[in-house]
Structure formats: C-alpha cells, structure tokens
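Each remark here refers to the structure printed beneath this line.
Lettered A, B, C and D in written order, each chain numbered from 1.
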C-alpha cells in the first residue's frame, strides 16, 4: 500500500484506451496529426478563451520551457522556497532560460504571499544593470504542501505581477486536484486571475506521460507561442509520434474524467487526513485540500508504519523529519486508507497500554 | 499510402502489449521501478559488455545529452553536414552543451569520411585558446541517406577519434535497420569499433516514444553516467512513470523483435528501390541499405504520384528537388509498395506513349 | 568629497607609471608577453606556493569564471545573501556556469557562518538527481559589510568545504584591505585555509582595470587552469594587449605598494568610523575593519550631508534605508574625512540647539 | 621587426595622454562619468545619426554581445568561414547567445558573397521548427584577408539581410583601415548600408584596450540597447573605472587621429605588398587594401626571413602553409618595411645565383 507519490500510480483505463485507439495506421508526425490539432479547440473550450496547447512529457519540461519564455537570461523568477521549480528540477529553469535567477518569496502552506512578493519587488533594483531584473512569478496549484490557492489568492498575486510587468506562470502538476477542491471553473484560477502560462499536468492525475504548456489569450501572449515551439524542439521535447501524448490529454479532459479522478484522490486524502488527525499525538502540518496529507507523527509510529509496509516519505529532512507526506491517487482504494489508519490506531493503542 | 517517414507509423502490437502489461498497480517512480532496473542487464547481454541505459522519449534528447556529455562548452563536435544533429534538432546539441560548435566533415551517402576527419583534425588548432577544441565525433547509423556504415567503416572513424582523444557518438535512430542490413552483432558496430555512447532508437522502429542513451564499458565511460543523469533530469527528460518507456525498450529488443521489424522495413525499402530503379528515367541517389529510398524521378512523375495520394518528401530543397525520399516502416505492406511501383510504371507508360 | 565607492577613485601614480613603462615597442599578444609571463612567479612568491595567474579586467569576470570552473551547470554555489556574486553581477555566475544555482547561507557582517553552511550541506540532497548538487562555496574578503574574515574563520569554512568536496572560492575585490587589517600573510587566508581560487582585486585598490584569477597549488587545481583559459577567452576576457593589464598587477604588488595603499584606505575608514560613531544618534551597523563604514544615521543628517555635497549610498533599500555606506580609498584625504565628521557634528549641534 | 599582428603594437601617444588626463580625482563609476557620457554624442556626430556606444575591452566581447543581441538561442548567424567570430573566439558568440549556430557563407577575400547568402537563405527552413532560424548576418570590415568591402558591397548584403529580416552586424576590429582605404564616410559603410550594430575597434588601431558596441538609429534598434547593457554587465564587461576606456575611444576619434593612424598602417602595408610582389616567385594571395599583406612565398624565403628575425605568421595551416600574413601598424616604420623587402630581395638574389 503505497502513499509515496501519485507518480507511482498506474494509468487510468480511459487513458490507456485512448492510447490504444490512437494506434491506427499512419499519422502526421511532430504534432501535425489530427488528435493534436484538436487540442487547441478542446482547451479553448475548457478554459473559455482562445488557448494554445503544447504537449510535453514531463512537468519539468513544461515548467522550464514556460519560465524560459517568460524570463530573459538576466531575469529573475519569483517563487516559493519549497516550489518544485526551485528544489525539484535540478536547475531546469536555470538551464532553459540561460541562467535566470530564482528568487524565493515566503508564504504559508507553500503559497507565495502577495504582500511579500510586492515588498520584494518594491525593493528590487529595477532598471539597475548590476541586478537581475524581475521577469516572472511562478506559483504551484495545488501547492507542494497540498494546499490550494483560492481564485482571490491567485488574483492577488496576478495583480502584483501585472503592476510590475511580470509574466505569471502556474505550475499545475496537480491542477485537477486544486479545481476539484475549489469547485470553480478552470478560467477562474488561471487567465481570469492573471495567469499567462499554465503547466497543465496530467501524469500525476492518471496519464502515462502527458503534460501541456498552456498559453492563454490571443493578445501579447500569442507572441510567446512561437518561442515555445523552438524551445520545445531544441530541448528534445517535440515528440515525433505526438498523437499518443495528445490522445492522453484529450481523454483526460474529455467528459470531466480528470475531475472525477481528482475528486477520488482528494476524497481519499481527506479520509486519510481525518483518520490520522483524530489520533492522539498527531498534528496536521498543512490543511489537506488536495490529494496530499502532511502530518507530524510520533517517531515510533513512523517506523511502525514503515515496518508494516506502508510507503510514504518524511518531508523536509528526508532522514530525520517527523512530518510525513502521504499522497493519494486516482486509484487509491478506501480500503488501503482505512488499513493505514487502522494500523496507526492499533499501534498507538498498543504502545500506550 | 504514406512513405513520408517511419515517424508516422503506429506502435507495434508487441510493444503496445508491453505497455499494457506494465500498467499494473504502483511502481517506484523516476526509473527505480523493476522494468527500468532490468534494462542495464538486458542491454549488457545484447551488447556483450557492461552497458548502462538511460531511457528518454526522443532521439533529439538522446543525441543532445550524449554530445553535451562528450564535449565541454568550448569543444567541437565533428559530424556530417546532413546529419540529424546538425540540421534537424534546432540547435539542441548547442543548447545542451552550453554552446559547443558542430563542425561538418564531408563524405558520401551521409557517411563521415575518416580521411577527411583526420585531415581536419590535423589542421585543427589543438591547444590554441582562440579556437574551440576537438571533443567528439558523431555519426549516424544508418545514415540520413539510408546507407549503412560497415563495422570497418565505423572502426576507421573510431581509430581517428581515439588518436585525437575524441569521444565517439553514434546516432542510432535507425540502428536496427543498420544491423538488419549488416547481419553482424550490435557490439561489432559500436563499442568494439570505438563507440562510447549510442543513441539507441526504438520509436522509428515501432515504439511509441522510447529511445535510450546507451553507455558502453565500465572504464572511463562510467564517469560519464553520473553526468548524464543530471543532464537528463535538468533537461526535463527524467520520466516519473518511467516504467512505460522502459517497457517499450524491453519489448523492442526481447526475442529479436527489433530485428524482425527492421528486416521487414528494409525488405520493403529494397522492393520499392528495385521496382523504381528499374523504371526508365529514374536514378537512385544513394544505395538502399536500410529502410529509406532516395531516388531521382522525373518531375512529372513526382507530381503524378503525389496526386495519386502517395506521401513522401522531396529531399534537399524541399520545394524544388527532383530527388525524393521514401521511407518504409515495420508495418509497410508489400501491397502498398507494389501499388506505388505500379502507379509509377503506369504513369511512365502512359506519358511515353 | 566622494565616499561613494573605491571604484570612483583614480589610478595610483605607481601603477600609471607601470602602464607607461610597458608602452615600449611591440610585445607578444594575448599574454605571451614578458610582463605577463613573470606574473606566475611574482604571485607564487607572494603566496609562498606554486600559483597560476589569469589577468582579467573586472571582478565580475574573475568571480564568474572562477565559479563556473568550480561548479558544473547542475551544481550549487553557497554564498552569503549580500555577496557580490549573488546580488551585484546581474547573474554573471549563472551565465558563465551554464545555470548553476547560488544558494545563500546567512551570517553576521556578510560573513558566511560555517555552522550554517555545514547544516545546509547536511540537509542537501547529495546524489539525488532531482536537486542541484553542492559544488562550491564562495566568500568575500573583506566582506560587502566591511568586515574581515580571520584566518581561522576562513579555515573553518575551508574545512566544511573539504568535508563535502566543494571547491572554495574567495572574492578578493578588497583582498588587500583585509590583509592590511589582519597583518598576516596572503597564504594564511587563502590556500593554507583551503581556498582553491582567489579573485584577486586591484582595481578598487588603485589599478586602472586589473583583477586576477589566482589558482593555488600544483595538485588537482592545476587541471582547472586549462579550463579557465578557455572560459576566459570565450567570455571575451583574453586581452590582446595583455601587457598593460599585467603591468598593473605587477606594480600593484611590487614592494608592498598594494598593502600601503590599503593601509591608508583602512586608516581613513577607521578615522571616519570613529568620528561618526562618537556622535550622538549614530550606530555602527558593522565593525569597521577594512575601507568601508556602515553606519546608521538620523534621516535629517543623511539629507544634510548629501546637501553639503558628500557622496555616499544608502545601504539595503537604496531609497529609504537610514544606514549608509561610506567607502574610503587609497587617495582619500584625511581632510576630507575630517570635513565630513565636522559637517555632521555641526549639523547635529545645530539641530539639537 | 615584427609584422606578426597589430595586436602586438604599443599604444599611440595621444591615447596614452588621454588616459593620463582622465586620471584626475574621483569620477562616477560604471560609465556614469563625464567622458563616457560624451561618447554617444561624439559617435552620433561621427556617424551622422543618433548612435549609442557601449565600450568594452575586447573585440571578442563586442562581437559576442552584439550577435547574442541579434540572434535568439535558436537562431543562426551567417558569416564567412574565415571570419573572426567563426574561428578565433573559441565559440564566444555561441556562448553569449545561448547556443546560436554560425553558418558559413563562402566568398572571395573573406568577403561574404551576397548571392551566396541569398541562396542559402532561400533554401533555409524558415518557420520550420526542426531548424535553427536565420537571425543575423555578420561581416568583417576590413576582412580577415586584408580586403575591404565597398559601400555597395556592404549595401548588397544589407539588402539581403533586410529582405529576410536579419540583423546586420559588422565586425570592425580594423574598421579604421577600411575607412582609410575607401575615403568615404563612416555612415556610408554602416547604417546607410543597413548595418544595425558595429563592433568598433580601437585596440588594433592604437588604443590600449578599447572597443565599442555601436548601435545605430533611434528606431527599433533602440530596443536592443537595454539588452546590450544587461548582457555586457552579466558578461563581466562593465568596467567600474570606465572613464579610462572611454577616454581611449574619445581620443582615438578626436580630430581624425584614428584615420591618420590607419592611413599610416595602410601605407606601410602597401609599401610592403608592392615590394614583395615585385620579387620573383611571390604571389599576392589577396589584394592589399588595409594593413595586412597575404602573400605566397618560396618556402626557403619564409625560413630565411624568420631566421633574420622578421616576425609573421603562416596563414591557413600554421605549420606548413606557404602563404604568410604580414601586418603593419600605426607605428610600423618605413625602414622596417624596407628592411624586410631588402632582406627578401637579397636572399632571392643569392639563392638564384
């Protein structure tokens, strides 16, 4: 029973079927196929605005290409210290941008605080050649701590970005989980709140390997699209048999599948969170809003659960931290959740007596 | 009936089955899964030497990461003017290496001539700080003109590389087709001939999206592997659900599937080549040794075939060239080949009378 | 009367003479001249160890080339948040290294605290491909706050660097001022304390435009030298008429000139620091150990001094900070220092009454 | 008597005086000084159009920053195979641009042939994502073979550049020598002929270390200037004591000094060229239009002259070529020229008898 990561999960049956269905005869290569050609329209409908879609196979690629497009080599990108772009991509954004600088902005639950961002921008040496120049801001939705930005929270950051002329990027590796939590429209937490480019994740949500760089609007952002095409190709991310990637994206959003999958994952996380938080000696480290639970547990409980074969990671210091992360997925069974809670309860009962 | 590219083909049934078979429950992410863990052993057996395998999804990624690992930013990479790394990757090798310089070396049939390479190296300003420094040589097997380097030809280049201390890279996007033509062992045209890193292609051969950076030997090349891991991750090419890529590679080489698929593609190319070359007014531009036919046709024949719905590209100048490229694939039907030949014959008969 | 920066000062007469003396007939270009050829021996003597010297014209070039040599593109460089490499070079180290990441480590007086460094390294994901890998540590001597690392303090950092296999770089834009304060040998605060590469500054000390990348030892560091040569050339920093830059460096260290110039600058800073600190309502922000004074002044005093024509900068927030930086130089007159103190005293006396 | 390179020469007295004159008290750093502030006006007058000037210390820096500004990382820069940017800067343009590709275009006397350029551009895959995209063209004036582009020749290239929307860069390391030969205005061979950015050289002409990135016009090129500022700083090329570099540039162009210096160098080259070409068994390899002579000599004459202590380089293959390059400078004495001719004559007379 593995709560290590939603990356460890399988591929949803509907998406496997779409891949199989795409496997018919020849098709134009490099994204000129029919399925890929439909994606712009599909996403434009979903986001209620003209939208361009560039499929890639990893979130790291989507994020790095997006940020390189929003920042010159001498630019700075504002992000949370715990953000994936800052700590989990081995410097991918720096590589793709030609050496842009990521500058961290604090905030609770891995959300970037708009006031802190505004304060740092106010103090930045804008126009001073000795300093990198503020170019973009990047937030994660849902965050690396399992929290979700409300539309107002996104918009507040968007306003600061707009005031300083920054590009606004959203890392949406778990975008579906945020949306399932918020019950709002995709538009409300993206372009309507000022987001220019979204890294739209599907892999963690149930795809095989499919993410999309999603560019909103038909105004100035249109100019970014040409750049994205060259950056994607040059980075080795233009798939020859693109149809199989595009088919995943199409199936993922078709008929609300993505939100149903995310709903289940979120529900399982809530069930797990509630069950563990009710136990003595445990403390939730962050609110459980998406499909991740961050909870501080007694050290001996951590060891006992690991011994029982439950998979999960300590968070922060990966060797010594007493806060653990438990991630649920579209295919997490309620039984698995209950088994973990029961095991924890049993251990705590036993050790107390 | 499409002879445009082997990139346009579908996925071989055996490989689709392997993907489906991999879709069972959770598995460790980022290549720590069981299937990926087996690949080193599988390829070591195939190549008869200790071999490390790094799966990626495009040949561009494999080539760029390999060359960046073999060349410092101030290095030069010797390659054929028509090589994929030189003209078809939008500067990917330059990007990944931090600005290394590709220097072209002429040769027939897109093979790099070892004497020309030696002459250019002799004249190079080795150790002179004003000049980029020779670092690597890259060849394509089979070549962009559908020709195949013999083991002796590879070894001759390998000897020059060794003499000058260059890394030796082989772009094997159509490696299987070369091997099917040569009927030799994989070892004979790679590490035994001096190759350090092979971009092992499977996508064109029948996979969905699977290539591998293959590093040979357990000597100095071992040191390259750590670098490849970081470059791959940083480039956004470390797949979270790696198992689905690795499963393709495993199935591709299992039980000789890859060679059977390549055999068929090669046979269809030969059938097409022989059929067209026998017609009046046609001239083969290159020998047909793999799965590509390059043939000069009367302009009106080109137009007639296109009108009949046969898909293929003009080669060289994409608008005006009278030499066309016809590519066969693992699933090219003999009937399709015969239909094209018949159509050509019919047109020529008609136009002559 | 300008206390804005030691960058604003003129060139010391002895150095101007050396430039003039170098202006005799032809000389080999690109550093093959006699003066440049002598520098290795001169610096080896000065540092009491085999030393290689690479002249460049800016500290930014010296720092960026040094750090790029010590860190791969996927590496991290640990430095103080206020360090010049982090905030004053517009991302130069990121550019030269191909996207390495600067990670900040806190510490008083812009000194990097060795315990904090050790703690961050202990928590770093060493060997984990998702994270940049610790590659180097960089400190500034004297620091951006006018403080000086003692030999023991440098050595403590050097030990942590050694334990984790990091390269150790020292930004010595004001190296002479540190040495003049410490009255120790150059060796004691560099290679004997673990420093691998020193950016040896002369421009701020009285040269026209002359800095040197100084590499110590004849062991493994020797391998770095070849790399530095190519990086310097490629960066456009290999001067054709190198002799004029080398002549500055030679004259600067000849007969202890550099330390005499630094002694004077330090003495003037002390005089200024003591004078201002004795006034009511002022507080030294950092100890005055080199040629910079950081002092918090009443807002109206700042405005009054600026109105009187004294040149200096607010520190931190350049518009609102009440802490100012006053920099002295080899040619700062005692009269200028006394005039500023007198003006401040007069203003405070007046405003109080 | 050294004809090795104009890089080996000293600094012209007028320029040394300007440096000394700049050495008065404090001055604003990083180019905010009075001398630097005057440069835009001085060059605007010289070039008869609004002109922005960015001083740097090497031609390599000027060229690399200019080309990086004109080409995106996925762009291509068209230049002559023998151009300095292609062979003498250790990949500097590739480094600064983030991996742009230099594509060579043939032409006599190291001039880029406009028809060849047009043909290559016509065949280029413009808008095709697999290929780097044509972004700039760079020519050298005077060329690496000592030839000079006429205004019409420059304009012909400028027209092709304009037709394809390419930026047009001129490497003017020996710009003065070209102008002295042509007796036209600086405007006629630069912006009036379509040049966007000029690397204006002074070092080879008699300065200590002073080049300038010169941007013409107040239209779209103005946008490039902001980018140049950040690229220059980031590259470590923003001098703190800028006044000493700017003073060289100011003195160089003041009162026509630069053209007088170039006139002398050109005259000495002509004298040398005529003298040697008149001897039996010698053949000029290129017309002598600037300050360089390329002449094919009998092997034994080369050895004899070298034995006599005359300094010069073989051209092409640096060890075996029988064509030598002889460079004159602003301080080349007629006696030195005559001595070389006489020595050659004497040797040939002797060896014949």
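We adopt the following convention: a residue touches a chain if its C-beta (ideal position, glycine included) is under 8 Å from a C-beta of that chain, and two chains touch if they have at least 3 such contacts.
Because the structure is predicted, anything quoted here is derived from the model rather than measured.
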| item | value |
| --- | --- |
| Far-end chain from chain D, centres as C-alpha averages | A |
| Comparison of B-C and A-C by number of C-beta pairs in contact, larger one | A-C |
| Between chain A and chain B, centroid-to-centroid distance (C-alpha), Å | 34 |
| Intercentroid distance (Cα basis), chain C paired with chain A, Å | 42 |
| Geometric centre distance via CA averages, chain C-chain B, whole Å | 51 |
| Residue list for chain D, restricted to those that touch at least two other chains | 30, 73-74, 89-91, 95, 98-99, 129-130, 230, 233-234, 238 |
| Interface residues, chain B side, partner chain A - complex | 2, 4-5, 7-11, 16, 19-20, 23-30, 56-65, 89-92, 95-96, 203-204, 208-209, 230, 233-241, 244-245, 311, 329 |
| Residues on chain B engaged by chain C in the complex (per definition of touch) | 30, 72-74, 98-99, 129-130, 133, 227, 229-231, 233-234, 238 |
| Touching residues on chain A, where the partner in the complex is chain C | 73-74, 87-91, 94-95, 97-102, 123, 125, 129-132, 317-318 |
